[in-house]
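This structure is in structure tokens; I'll ask about it shortly.
Chains here go by letter, A, B and C, matching the order in which they are written, and residues are numbered from 1 within each.
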Amino acid sequence: MTIPFHGRFVPQKNKKGMVIIMKSYRKELTFNTNTRRAFLNITPHIDAALADSGIKEGLCLVNAMNITASVFINDHESGLHSDFERWLEKLAPEKPHSQYDHNGYEDNADAHLKRSVMGREVVVAVTNGKLDFGTWEQIFYGEFDGMRDKRVLVKIIGE
Amino acid sequence: MTIPFHGRFVPQKNKKGMVIIMKSYRKELTFNTNTRRAFLNITPHIDAALADSGIKEGLCLVNAMNITASVFINDHESGLHSDFERWLEKLAPEKPHSQYDHNGYEDNADAHLKRSVMGREVVVAVTNGKLDFGTWEQIFYGEFDGMRDKRVLVKIIGE
Amino acid sequence: MTIPFHGRFVPQKNKKGMVIIMKSYRKELTFNTNTRRAFLNITPHIDAALADSGIKEGLCLVNAMNITASVFINDHESGLHSDFERWLEKLAPEKPHSQYDHNGYEDNADAHLKRSVMGREVVVAVTNGKLDFGTWEQIFYGEFDGMRDKRVLVKIIGE
């Protein structure tokens, strides 16, 4: 917002008389699944990062740093995760690898496609120092070519 | 941005001599469709929230708070909406419910899958106090398991 | 963040003693592909916009302004792009146009569907004045109804 400037700065104050200025925070998380595909509920990690940041109002970006993985928001329910696995295999089957052109060095074309369906990132509102979630929203890391260290980025900006 | 600090604060000023400070705004919208699936153009609601916020430059997040619904940007054209409905039913059919594992308490696995295709959220630029849209961009609420109250979150940060 | 206010403003300072204030930046890019469908690596354009903005910490939104195009992050590898093309044609075939209802003025319903799979936008963290990317992340413009000028919006907010 803009506020009047009269030679000397009269800043915006909140209810406690505190001045509001933008802040940014960054954290990397690393995951290594023991299967090629997996869904991990990473909400506790994001909650901890937000608490660590001290940010009360703003936006929290969480994205896969690897292009064969996803970060998405859905339900923490094992039946649904089985449904996701079966459905994604139907939309973009892993095998035969020969059906794909992305085979020069890798056999993970299907993982790039699956990640496109599920998405790279989520942006979550931060309100009163908490992830501003509906009742069932949880943040998941979707791994589609695992069994090695892969990173997720958390970036929070706000005040 | 950063500006020099010489003991006393000399803030950045805009053309009108106003100091620029970050602001945040939050609003919940509630929708209740009278069919299981529906697409609602919610752009007027988001325009109103933005005007209410007073924010001129920043980012506007609009997300479904429920995990069987979407917020997405596309065309306000009824033929296209029929195409979306038919296409999503082909990719992730509602019935038979028995094809899904997510059936302990609910029969809406297909809604979780459809929402994954269409996306949870949009982030829209705010420029000169307006949603910074291309010619045909409109924001839609995509309901995939309706006939009850469900919420959408609007969070705007900026100045 | 909030800081104590004691009558006179004592602003937050970074290591160089500079006060931190929010900044915003906007740029439009225009692309015209010579085929109906194409994938363009637009990362150099976004790097240049970020450098031009002078923003060091924040969020960078890149979105298609047209609803038959995508902006997404994936791998700069031609075999994978062939896989994307073939896969999207399988999920949402262009022809026959008669299979779609969105035909009053246009024959591009498939482009709206393909763009829904690939996504409208990406939000990228900005850290130390750079796009905060994993090793292989690159930003692509996905065109699904080209051979005319179409725009992409870059909006960066931060400090």
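In this section, a contact is a pair of C-beta atoms (placed from the backbone, for glycine too) under 8 Å apart; a residue touches a chain by one contact, two chains touch by 3 or more.
Everything numeric here is computed off the predicted structure, so don't read it as measured data.
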> Superposing the C-alpha atoms of subunit A on subunit C takes a rotation of how many degrees, nearest 5?
Replying inline: 120
> Counting shared numbers against all numbers at the contact of subunit B and subunit C, is it over half, same, or under half, different?
Replying inline: different
> Where the CA atoms of subunit B average out and where those of subunit C average out, how many Å apart are those spots?
Replying inline: 17
> By residue number and range, which residues of subunit C touch two or more other chains?
Replying inline: 8-9, 11, 20-22, 59, 91, 117, 119, 123, 157, 159
>> Going by the contact rule set out above, which residues of subunit C touch subunit B in the complex?
In response: 8-11, 13-14, 16-24, 26, 54-56, 59, 61, 63-67, 91-92, 100-104, 109, 112-113, 115-117, 119-121, 123, 151, 153, 155, 157, 159
> Where on subunit C is subunit A touching in the complex?
Replying inline: 1-5, 8-9, 11-12, 20-22, 57-59, 72-75, 77-80, 82-84, 87, 91, 117-119, 122-125, 127, 132-137, 157-159
